[in-house]
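By letter and in written order, the chains are A, B, C and D; residue numbering begins at 1 in each of them.
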């Protein structure tokens, strides 16, 4: 038997390092026809807000070379409907549940964390800081280390659940962001969220997305994601979850090799709804072939050139 | 006859908007078997430094999904050899010549600009600011607006040649960078240089590139490049050159639609050494089909949704 | 909805830019299928990562161990399918979406099926479904820009000849066959000609569907429209394919075309 | 070096993971070709943008209107080529690189050709080139891990039977055919056995080439090695394929494998 378990925080041990990425796995049970939710390390829900959110008008998505742009605009059913309609099913399926959430002000984040903290069956929170802070004039929490740290510290005070902070890649200094949120009390860091991109339609002479810009995800961004995981791990000691362009076990193993304790699968779920379970199985097969008995031995085993 | 000419600066008018991107077109004449250099808007040379530079050890390149990573490390023959061995041939071929250059200190940049300024047959300079500033502890000129502005202003004082500043995409606020270099006297802005990325080899357990990280280019980055061109054009009035993932006339037209006055073709030249000429022809064919008699009418004709 | 590897059994050119493609499938797929449902088909053959996303296509016809798509080559993905060799294995996901509400439709005194261009694909599967079971009188109205772009007309004519309860009308924009004008004009005349109020089932370009919705509302007929949208997932998880519903509020304005549709009662949508 | 669209005329399986592929080409290509040169072949068929870069392959043999590659499937690009259907059109760039220095080689009293595994491809084209013109005695030493992985041996044996001046030796790591051991052991014995000093021309895995370079230096023979590297452009503009030269200085330490090579005089390189 190969030990695939990984620990992301005190009290957050996953049976394997394969999680799903927020916004690409619905609220989880949509994938039950394709895989067993309890075979995954964890299910990360669509990002939740206090109240239901309509998101952006369509068109919302566009394919790009080896990737896609989305401007869903954080549409979600709101925390109340989630707790009522979705969480019980996830519990019944014995899924490890990570709730991704966001707000438009620190107060909203804090209030939401408080609500989620009281709820049984939630294993961890993932705080999405790639959101405009309406009070700071729409600047993203995720692009300013001080703003991000303030947010994380405020949420940290509100909950004893394991706290994952999800970083935006649209910054000059990703390691600086990571250090800031780690010092503010995040147990763990996940990265990357989408790179901001744009597509236009020559036919109509207009942007493809109603929102003009959107988030780029998929294999196209994998090299950027790997680099950021690498840079962050040079600066922080807390566990890091690698996200970005993973569509195969080999992709996932690359992130683990660099040092990610777990990975999240995003866009890949759309193309093959069973891919997350297949990746978990593929990681196990790879380790068996190499006679590595614990995934933790493989994690971070990257050998750097001497000059580094 | 369709008028493809565009003006990038007083004294820098290109016969069409298709340029080649630095580092992907050698010193120019390597492409003579495949196209006529004077059919291009301009040839941008491999980035030059004062002295020849060896660059990084191999492996230096790696293919990634719809893209490639390179860590050439700015290997080049140095300005002296360029002026002696390469420039005369470019002049003979009637190419419009843009010299891309860089240094490790402001002084090196300035000295190089001075040398290039004295030389006949150079039509413009492109200053690559994605380089570590050794005096500022290796921080990149291209990620700090003040450092970039200082550099551009210093170079500006040294030369009356049209000056293009090439921006790095690895920043939180690309428009802020653009404003800084525009105010410092740049005639024109080109973007994007490569996104920093990384690849690892599961077989060896090592980074693929000897330099560990490298620059991501190719179709994968096109959505990011389009978005940055768009954002920069919201903030600056000087002409912008779009670069990133262009492999077809349609790709090039997308950048023109968004408002780029010209484009540069990079990685695409490796896959098809004749592509730059084909793209120029394709732009002409597209405009003819649409009965648009000047490319300048098409440039920036993007229609935005009303809410923007 | 199941995920399966499907072998390309046959690919046939119909017009320069349309073709049919027959794909193998498990029995379970055929059993679950409802006319109007669609499949997501991988176009990234041979381990290419690009194009990345599967493409949605309505199932046009069921066979014993396979199903057929009718595809118009409009871009990269459909262009690749147009070249695909028999024997190629593609990943397929489906049947997806709701399909036409057969029980409701067959309960009406008359059914009008309307197809514009490639929109014939789901209408054809609906027609076959109706012909296989009992059905009220069927009016089939198909249109295209020009005669050469009309799809399946030979076969449709044969059906109309064989089947008493089925009447076929054709419209082309350029008048090269049938009515010189739009299908919606034919529909409008039919609706005004009196007689039983039909239920309309339609697929085609959005402007056609919008016009049909209006005509149906004016005539107080039920009207089911099969919509399209770019799709990333096809099964309700990406939220990429929404369109506005009529009764939505600010916090819940959408339906998902892939999951709540692709077939909608026109009355429930705010298409413009 | 020319750019052309080439039709896949034939693809033949040789071993489970190697195959030959015959590609059409213009006459000009054949005229310009020099044994040891290579081509860059597009593997992104059907407008896929991924894999993005062309792949380098040595030309193994020229035909009247076409040329052949011998390819080992090791990854995505070669995997796609392994599946490619006859009739597929691929973009090709070549002939690229320098090739073996024929004039120099044929001036020597004896030639030793050494191929490891798929490294037979350029050696085969060199052999054919030498056999077609006048040549000194030829010693051909080929190796593989096991008998099943030996490539072209039937054909090589036939040549050796027909051609007086050509002697063939085989080595396998597992001893399943020929010498039980490495090709370099055969080379070493030959060099020690005295007689005329051969010029060595070799292609194969890097460790084999390094060992050959050492043996040649010890025996004061000239030695030409065909090297490999990942390549983005194949014609000297990306600077992606450099390797260290022996006489380089800090500012000019490299040669480009694609342009200065792929064939190098072993003495000019610092391979370790």
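Everything below uses one rule, namely that a contact is a pair of C-beta atoms (placed from the backbone, for glycine too) under 8 Å apart; a residue touches a chain by one contact, two chains touch by 3 or more.
Every value quoted in this text rests on a predicted model; they were computed, and no experiment measured them.
Ranking A-D and B-D by contacting C-beta pairs places B-D first.
Rounded to whole angstrom, the centroid-to-centroid distance between chain A and chain D, based on C-alpha atoms, equals 47 Å.
Between the Cα centres of chain A and chain C there is a gap of 37 Å. With each centre defined as the average position of its C-alpha atoms, the distance from chain C to chain D rounds to 54 Å. Counting partner chains per residue, chain A has residues 65-67, 218-219 touching two or more of them.
Shared interface positions of chain D, i.e. residues touching 2 or more other chains, are given as 49-51.
If each chain is drawn as a node and touching chains are joined, the picture has every node linked to every other. Residues 1-3, 42, 49-54, 91, 93, 229-244, 250-254 of chain D are the ones that touch chain B when the two sit in their complex. Those residues of chain B that touch chain D in the complex are listed here as 23-26, 30-31, 33-34, 51-55, 57-63, 65-68, 70, 72, 75, 78, 218-219, 247, 267, 269-274.
Per the touch definition, chain D reaches chain A in the complex via residues 49-50. Chain contact summary for the complex, chain D toward chain C: residues 44-51, 76, 79-80, 83, 85.
Across the complex, chain C is touched by residues 65-66, 219 of chain B.
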